[in-house]
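Two complexes come next, and they have one chain in common, chain A, joined by chain B in the first and chain C in the second.
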Partner chain A sequence: MKGDKLLYYSLLPFAAVVIAAFILLFAVISYTSAPAIKEYGWRLFTSSAWSPSETGPKSSKYGLLAPLYGTLVSSIIAVILALPVTISTVLVIEEYAPPQTRDLIGSLIEIMAGLPTIVYGLWGLEVLAPILKVHVYSPLHQLLGFIPLFSCRPFSGYNILTAGILLAIMVLPYMVAVARDAYRSIPMTYKEAALAIGANRYEYAKIMMGMIKPGLIASALLGFGRAAGETVAVALVIGNVPLISSCLFKPGYTISSLIANQFSMAPLYPYMMNVLFTGGLILLIIGVAANSVAVIMISRSRLR
Partner chain B sequence: MDHAIIVEKLNVWIRGNHVLKDIDLKVPQGSVTAIMGPSGSGKSTLLRSINRLVELVPGTRVKGKVMVFGRDIYSEDPYRVRKDVTMVSQTPNPFPHMSIYDNVAIGPKIHKLVKSKKELDKLVRWALEKAMLWDEVKDRLHEPPTVLSGGQQQRLCLARALALKPKILMLDEPTANIDPVNSKKIEEAIKALVRDEGITVIFVTHTPAQAVRVSDFIAFIYNGRIVEYGPSRELALNPTHELTEKFLRGEIG
Partner chain C sequence: MMDSRTIKEKAFLITIFILTLLGVTPVFYVLASVFYKGIEAFARRGLGILIKINGGILPALVGSFVLSILSTIIGVVLAFVAGLFVAEFPNSWVSKATRVASRSLLEVPTVLLGMLVYIILVVPTGHFSLLAGALALALVMLPYVMVHVEQALESVPQLYKEAGYSIGMSRAQVLFGVSVGIAKRGIASGVLMGFAKAMGETAPLLFTIGAARSSLPCSILSPGDAVPLMIFQYAQMPQEYYHDLAWAGSLVLVIAFLVVFFVVRRLVKEVRY
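Up next, the complex of A and B:
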């Protein structure tokens, strides 16, 4: 008992460091964003103009709307694409694959999670985007061009959809990890109950997925948070044009790629640094919100 | 006499462990059979062999024959077998993410037993009534099963099994963790199901008195073998086998 207390007090400073670092992070980013928000107000979030001027803040135009749109849309695409794959992967690993295959898939996913993101970016740039353009986007446009999402001609493979697809691949390992944990927490007795009423493989999977719904929501939110914050890989494939279009074949921009691309020039222009920090603040808020809800969901998803 | 279940020379190995040995059993249609025996003797495994749930454990081998209404279930689609032969587990396990109503409705839904919502409502009500639970839950059908007591949850699981309109109902120690009032209700429910619906019932119990109250036949299992089988009262009063006698006296088990 006494030892416990001692351990508790000796660990307290470390916990304090974590909390302090978090508060400091928030404080510094908010503090640096403030001048931009004061100067440009709501326009910062409702316009997509980006024309920095060296002469002064009044002649510069900054708008984060298009990058914000790109961040949200590419991340949502990523989650929408990755979620079904996550569910199937978890089912294969936990239910259907023979032990060796299961271990192989498991290790492969862990390796995927550990790869440097630049590797994904280069692969996306050189392999994924060109292949998608020729074999997926062009046929999709010809077949389903009447749907607004596919209505514009895909001039290149560098667009929001490619960014979404690449992000889906990148966040998959994290989403699988969370969903798999939730799946493993299902007590055997519920699995037996589902089988005992004669559920076939499909019905069985449906019942199990219903049972871990909070875990799946957590998985999606965590994936979304990661996708929204991903920088270099997206910057390489999204085209980096601040556009807002309902067509997924148009290039776009994301907040993180905007920050990465503009940061080196920021000191030359008044307020640009503050604007970029405002972008960082938005990312921070998205990340904290997504992750906190995910954490709540995970605690709710415990079935035992 | 027509037999609902005929088990012939059934042997089951779980991970190299010979759990059931040369089981022969004939269960007459519309009868109630109680399975008794010490812990670990293979009672649950026997039930699970009759709806093919044994196969779930990796490394399980089944040899022999199980016929249900003349059909060899091991050469059939297991999903269909489990619709006709439903089972209630020892611990209540209603699906925690579904409402009370949905827990009962799920079976009929996946087997497409009903054509309309109205028919489904009727079937759910019927199953809950047969499980002696309707009066207690009719005002909170759309609440989660966690609002119910353990005994009520066990009856909900019975209703879930009954909603499939099974020909055979198996219950694994249905009253093991349950108070006398709830136990009584489950016993009543079993008797009524046999009397009114002609369902064939097999259940595992540790209480000789319960076996005599509810069942027509008792099968006594020891170490994976059926050592004695016969009409309940006779077997309970005059066991022919020494092991059965010892078990009934509470010396083993």
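Up next, the complex of A and C:
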């Protein structure tokens, strides 16, 4: 027993460092954003003005509304696009594909998850966005221009929709991993029961998806959290204009791309650093909230 | 005539196969673009850009190399021991808190970890440094490696541990002599995955290493560059030349990632207890 205690106490400091790192993250980000919240109050979250000034806090205007809007909209687009693909991929991998194809799809998804995000960013900038503009956005605008979402002319491929599509590609592997875990937890007897009552493949899939609903919600939430925090790839394709528009072909901004673009200038302007940390605080809250709810959902989805 | 139920089933199957295909297509497209444009860039600018300091990618390569080694050392030591603790004492409240903290770190946007290190290291020392970047990257990889270490240790059968106890080994001896030995491949693959993750991250470096690319870093306390950061900044430049360097850097990064990926694949495949 004495040796146990020794082992416990010699390993303990390292575990404590992990806890301390997380607490420190919260403390530092909150502490650094406090002056901005004190100075500008709610205006930070209700305006989109961004005009820094060297002279003092009174003459500069900071608003995070447009980047917040961009973060939410691009991440929601990503989840809406990725969720049906996630469900299909899980069904194909787990039910219909022969073992070799299953391994191949699994490996491809793992490579997709591991590729550096900056590579997606460069690809989005130089390959995806120009193609989407010519082959998707322009025809979409001409055919469905009466719908507000597609009503503005796509001047370039760099807009909120492109960011959403790129994010959908990037979060897909994470969403598949979470949904696949949930699917694997369905007991065999339930599957057999569904088949025994004569369900065809469509009805069977529908029943199974109903059973792992909490898992699918968790998958969507984790995908959303990832998408909201993604920085460099989005900064390269979203256009970086603080704009709020119902049209998806307009450029936008996200909190993380705002941080990425403005951080180097921030020390020159009073309060700008603090405002960026306030943006960081919002991201932290979104990330932790999405993760916590997802964890609860996953524990609820354990059928066994 | 097919009844509506059968038609629905057929339509459903066709839809999910198309969607799955659509889901995996981008990975081919991205890889094809990187190889095509990367090779084209090397063909146009010569392999010499790999070893050129000004107008080449050597400072970024050196920086990335130093960063991945340094962050792996910091991150892996921390993650390995913390992972041992959590796997060995799963019921202690410290373990539970550590688990929650590391799972949360996993979901925290990586740009925030760069901001944290900026405040706690860059501002007090007054300058950017490779060490600051490595610390930020260590925080990024920490939760990944920890999860792998935990899973690898948890998959060690109880029987082996009991065999160790039965011959009079202490708990520490069993942990380091038996469990870690059996789980070493799983742990190694976790370390490599963390290494790959650290190598490819950009956001934590934005505010920590200083993007010094006109010379080679002389120590870990001096500012430096990294391949992902270079790609991010060169991609935004108007000149063709810098775009070529960005694609060349991407090709190097992707090849390095694929090498690590296949090594991990082999390691994991051979794990059989």
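As a working rule, the second predicted complex is superposed on the first by the 289 of 304 C-alpha atoms of A that agree within 3 Å, B and C clash if a C-alpha of one lies under 4 Å from a C-alpha of the other, contacts with A are read in each partner's own complex, and residues count from 1 in each chain.
Going forward, contacts are C-beta pairs under 8 Å (C-beta built on N, C-alpha and C of every residue); 3 or more make two chains touch, one makes a residue touch a chain.
Quantities reported herein were computed from a predicted structural model and do not represent experimental measurements.
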{"item": "Partner chain in contact with A:Leu12 - chain B first, chain C second, else both or neither", "value": "second"}
{"item": "Touching partner for A:Asn200 - first (chain B), second (chain C), both, neither", "value": "both"}
{"item": "First, second, both or neither for A:Ser47, with chain B first and chain C second", "value": "neither"}
{"item": "Which superposed partner A:Thr189 touches (first chain B, second chain C, both, neither)", "value": "first"}
{"item": "Partner chain(s) touched by A:Met211 [first = chain B, second = chain C, both, neither]", "value": "first"}
{"item": "Which of chain B and chain C A:Pro84 touches, first, second, both or neither", "value": "second"}
{"item": "Residue contacts with chain A in the superposition, chain B compared against chain C", "value": "C"}
{"item": "Touched partner set for A:Trp123, first chain B, second chain C, both or neither", "value": "second"}
{"item": "Touching both chain B and chain C, residues of chain A", "value": "200, 203"}
{"item": "Residue numbers on chain A that touch chain C, as the complex places them", "value": "3-4, 6-8, 11-12, 14-19, 21-25, 28-29, 32, 84-89, 91-92, 96, 105, 107-112, 114-123, 125-127, 169, 172, 176, 200-203, 205, 222, 225-226, 228-232, 235-236, 256, 259-260, 263-264, 276-277, 280, 283-284, 287-288, 290-291, 295"}
{"item": "Chain A-touching residues of chain C, taken from the complex the two chains share", "value": "5-6, 8-9, 12-13, 15-17, 19-20, 22-24, 26-27, 29-31, 33-34, 37, 77-78, 81-82, 84-86, 88-89, 92, 94-95, 97-98, 101-113, 115-116, 119-120, 139, 142, 146, 170-172, 175, 193, 196-197, 199-203, 206-207, 228, 231-232, 235-236, 243, 246-247, 250, 253-254, 257-258, 261, 265"}
{"item": "Residues of chain A that touch chain B when the two form their complex", "value": "187, 189-200, 203, 207, 210-211, 213, 303"}
{"item": "In the complex, chain B residues that touch chain A", "value": "51, 53, 56, 79-83, 86-87, 89, 91, 93-98, 106-107, 110-111, 157, 160-161, 164"}
